[in-house]
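Which chain is which? They are A, B, C and D, in the order written, and residues in each are numbered from 1.
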Amino acid sequence: MLVMMQAHATEEEIRAVCRKIEELGYRAHPIPGETRTAIGITGNTGPVDASALEALPGVAECIAVSKPYKLVAREIKEQDTIVELGDGVRVGGPELAVIAGPCAIESREQAFAIAAAVRAAGARLFRGGAYKPRTSPYSFQGLAEKGLQILSAVRAEFGLKIVTEAVDKESLELVEQHADVIQIGARNMQNFSLLKRAGRSRKPVLLKRGLSATLDEFLMAAEYILAEGNYNVILCERGVRTFADHTRNTLDLAVIPAVKRLSHLPILVDPSHGTGRREKVLPLSRAAVAVGADGLLIEVHHQPDQALSDGYQSILPAQFEQLMDEVRQIAGVVRRTVSTPPALGQVAKTR
Amino acid sequence: MLVMMQAHATEEEIRAVCRKIEELGYRAHPIPGETRTAIGITGNTGPVDASALEALPGVAECIAVSKPYKLVAREIKEQDTIVELGDGVRVGGPELAVIAGPCAIESREQAFAIAAAVRAAGARLFRGGAYKPRTSPYSFQGLAEKGLQILSAVRAEFGLKIVTEAVDKESLELVEQHADVIQIGARNMQNFSLLKRAGRSRKPVLLKRGLSATLDEFLMAAEYILAEGNYNVILCERGVRTFADHTRNTLDLAVIPAVKRLSHLPILVDPSHGTGRREKVLPLSRAAVAVGADGLLIEVHHQPDQALSDGYQSILPAQFEQLMDEVRQIAGVVRRTVSTPPALGQVAKTR
Amino acid sequence: MLVMMQAHATEEEIRAVCRKIEELGYRAHPIPGETRTAIGITGNTGPVDASALEALPGVAECIAVSKPYKLVAREIKEQDTIVELGDGVRVGGPELAVIAGPCAIESREQAFAIAAAVRAAGARLFRGGAYKPRTSPYSFQGLAEKGLQILSAVRAEFGLKIVTEAVDKESLELVEQHADVIQIGARNMQNFSLLKRAGRSRKPVLLKRGLSATLDEFLMAAEYILAEGNYNVILCERGVRTFADHTRNTLDLAVIPAVKRLSHLPILVDPSHGTGRREKVLPLSRAAVAVGADGLLIEVHHQPDQALSDGYQSILPAQFEQLMDEVRQIAGVVRRTVSTPPALGQVAKTR
Amino acid sequence: MLVMMQAHATEEEIRAVCRKIEELGYRAHPIPGETRTAIGITGNTGPVDASALEALPGVAECIAVSKPYKLVAREIKEQDTIVELGDGVRVGGPELAVIAGPCAIESREQAFAIAAAVRAAGARLFRGGAYKPRTSPYSFQGLAEKGLQILSAVRAEFGLKIVTEAVDKESLELVEQHADVIQIGARNMQNFSLLKRAGRSRKPVLLKRGLSATLDEFLMAAEYILAEGNYNVILCERGVRTFADHTRNTLDLAVIPAVKRLSHLPILVDPSHGTGRREKVLPLSRAAVAVGADGLLIEVHHQPDQALSDGYQSILPAQFEQLMDEVRQIAGVVRRTVSTPPALGQVAKTR
């Protein structure tokens, strides 16, 4: 259930309603909207008795939530969620978020070379795996904490926001110290223990859609994170598994307007994993922005043939520059913008 | 195998090579390119002996074709195929082809009302089914020949090119008399008898991808048509069947660059069937143009709630107008154009 | 709608109800059951007025049909349909129907060698394609009418019932002259013109499930045949298309009990196409019988490495013998039998 | 790489080879076969130099492993792995393993009632979730440790072996104390941290196939467990996600012979999750045994309409009895047996 407060409800009234909800044995989730606050209720196993709440000062109405998910639903929050990452970097607002970098962090040299290139092309967020979930136990599994330290150095040096994956509670604890956004990968989309732990983090979470996840399952996975109190969740479509063999996965761009309709959360597209083919990253990036995505997640490598993982789907810095250029033009058509990072000197000063 | 003629080869030399191929018991398919002609050979069950052909005047070289398809392959023809429909309407060139109209022709009034609307918004091709393949034998199956006559009247009145589906040889014979483009639907993509018959038609063919067709199967289906001598084939992506349930089908936009890489044939996108949801047609149309499609196939109905089929995926004329407007802007980014039909008076004069 | 006649209704009463239905502008389909006859009504676009029919002598009640399909539904006919092929060969009764033979008829010698072998192992039905729908226009397309003549010779010589595929109206007209059962292949499952033509044939029809057909679509395709008056339809599961790559298709054995629940039609399983791997035909045949299928469709070739199509999924005669042996034992557990063909001398006599 | 020891190689020789492998910086996995021991090598990033090993006493030959997986491959161990659970209960041998019980442990009363029923029908292994991965954060998530205590009581009372799921490292640590087999669910099939932890457990692991896992990914997930030193892995097919909507998932029975061909590990089938429909559990259980599965995982509930999860796919004790009866008969055909648990009195005595 959802308690809609009146537009002029005071902070104190909102707190009182939350207290009452907790007294009833549930959990209260106050979600501020543009004109008024909604309070989501979780923890109930059956319907909640509205009468005890509707009588409280400042309450406008109690409404039943028609979807299995509550906190991620548009019903609770009409406005788009904008995840603030600091220094003017936001995900979900009018400005597109472009996250670029290598599949895996391989060395300080590699990370810095790629960071410099993607920053020059206009990216404001840097990706790179320190913990790599690999199909084979014998494949490169990432540099672990050493990789995270390199990522921290990238932020210090280039002023880029850091997005990197956590694969279990131990890595999540380290990731949240080093990163600006904690990524949960497709294979862990229904690793509910990890989702709950991410929900107790203060860092925003980037949640990738599982390879065979329906839209409902995807939103319910996000709900696990919000239900623990972390409302800064960014969704990411990265292709689903089908019979089609001309790409590694089938990028399901129709899920973008579908998510926008049902949820207030921002959603990005990862055309690198979504196609698994270098030459398809550019056209699908254009398509993703045209369809209404809030940004992109792009694998870039300066020496893709020597990459320790996923080299065949990484694009070169020069291709990324072209991508940014074309994406900027498409963005204009859909009334979005792509900002330019501040000059490097300024970064240094603010640090 | 493929015989590449020299750039300065004469018509007579090309004819002589074709004659030799036929003498050897095969079929010759001369395909003119920008600088030189390639001659495809079909009808062979094993490898063709190149020596008998390489010695002929004007022959540059004989090359083995590495793909299971020959005539649809880029190897035989580097330049994009442009299908000419007359009056300056083309599919495959710099100008996007937008085919709009109702799912089914229901009456002269309905067809004219929608034709006027889509023409006003800028469409130059009109679609509408006279023969409807329906899952249930008890559903409306189309007006048949009467529907074709209405389509002919639409062309006469509005100067729109007509695209309509044939479902068997009998209907194809009528469709080729009334239409400018013969459509083969997704369910018939591997109805090889129908493909062969379409290959013997002089009218261009629009071939829709089957619901579970791989890229190779899709191109091989087109090859059936070309192998019979009809080189004017337009492909169309219309969504594939997956587990995803937020759309009727999953639109596979990555197939567009994949087709462009392997084949010289033009390819359109049908976001109406591809999503099956009215509100997703506009964003997916933008995405389709952004990814590089040669055009769109859009279901438009002025009274979708009363449509005899597929009303829930048809958009209103006003929505189509907005779609054309946004598509025109995206087209600019990918160096494509969307032309405006000539004034109606001019149409009348040319008829 | 469905008119249920009383148990003691006379032939004349049944005919009178049918006449009345036709007078109302619909089509009547009398379906005799064990104790009483049901009359299906098709051709109506809206609900039928029951009052005009309920008043007629012999009518027990009129009941609305809750499924989109009518004539294939259990609601209209509680007992399993048994398709009689003569000489004691039946599909759908307690005895399993095993149809065996090569993918394609290649020569009289090949067909006879395989026919002798499968007959010796206990098969009573022989399969072999004279018309082959092939992905590539350059692959062997079958011997056409010459293949049908060989099949007729196989029947005369070995007393086997013949099952062979028709791919269009022309081939269907020839197939119905030579075969005992007309096969409609998976790719043509929604070739509605072909289904309607098969519905006007007097020969039973074997309808294979399309590669991405839902259960409803499969049953609706069968409904097309019954709606034209041919009630002898045999369904066949042959695998659906999924992401799985360890078999050519994914055999969906759960569809067998699902069909049995909803429909009175018999259903076979084709593990040869369903797996596309020779070594999996035997275990999946056992599973198909165990799950409750009414029989099997098995590709057998005496020289699979030289087969003109699908050699890698054909089993050898000795493997087929073992298959029949194991299937016979499983059949016993599920209260089914596998009969033995009469001695060859007896066949000669009856011809 | 794989070091094949000679048939008469001594324990000391085997140990010496392992020591040498470890000295080279790799990990040695001695796998005893029927006639000789194979030693798998993991931890190498490139090819291993065979010469240093082939010279050692007792070594027959060094062979390169052709598959991405090593320890799970038939190449390293020709004989089927038999997982010993004590008291004569085995998974993978001639006797079928039937694991039965409720989806979730709800109470001591519920667990005992169902345990008594499934034991009476012949099951020797009991399943029941104490930790339930649920799509919604608001669904019943299991009784956790209290559930494990109830399971321990079931073992003490009924002498049934206990199989229950672990969802993260914390729960795994408790599960390995209470259970005989640790289950890893489909959603966690690529939770590599959990797989590695399970690989360090001394308890056998039941690994369920992910909803969209290819055969290679499934075997690689098992490889993660073996690579850590736990060779007692039992695989389980539980249906994959497809477009088909007549069952919750599509049970892929062809994966059973495919696994048997490539791997020495035992594989079970879970027709309860595989179909999600109570009435399909019995026929698909017969089919699973017929196709060659090493056993079944069946959800049984005495009051399915009141079950806290998955009630609609649980069968009643009486249906389970019939299932055991039919399975026993099919088992005979495929040369497998289904044993009967010892009388309850005897259980008590051995404890």
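The rule is short, and it goes like this: a contact is a pair of C-beta atoms (placed from the backbone, for glycine too) under 8 Å apart; a residue touches a chain by one contact, two chains touch by 3 or more.
None of the values given here were measured: they were computed from a predicted structure.
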Query raised in the report: When chain C meets its copy chain D, do both sides use mostly the same residue numbers (more than half shared) or mostly different ones?
Result: same
Report summary line: Max Cα-centre separation from chain A goes to chain C
Query - Gap in Å, rounded to a whole number, between the CA centres of chain C and chain A - result: 52
Requested in this report: Determine the centre-to-centre distance between chain A and chain B, using the mean Cα coordinates as centres, and give it in whole Å.
Outcome: 39
**Report entry** Multi-partner residues of chain D (each touching 2 or more other chains)
**Finding:** 212, 241-243
Query raised in the report: Touching chain C in the complex: which residues of chain A?
Result: 241-243
Query raised in the report: Can you name the residues of chain C that touch chain D in the complex?
Result: 212, 214-215, 240, 242-247, 250-258, 261, 274-275, 277, 279-280, 283-284, 286-292, 326, 329-330, 333-334
Report summary line: Given the complex, residues on chain D that touch chain A span 42-45, 68-70, 133-138, 167-171, 187-188, 190-194, 196, 211-212, 216-217, 220, 223-224, 227, 241
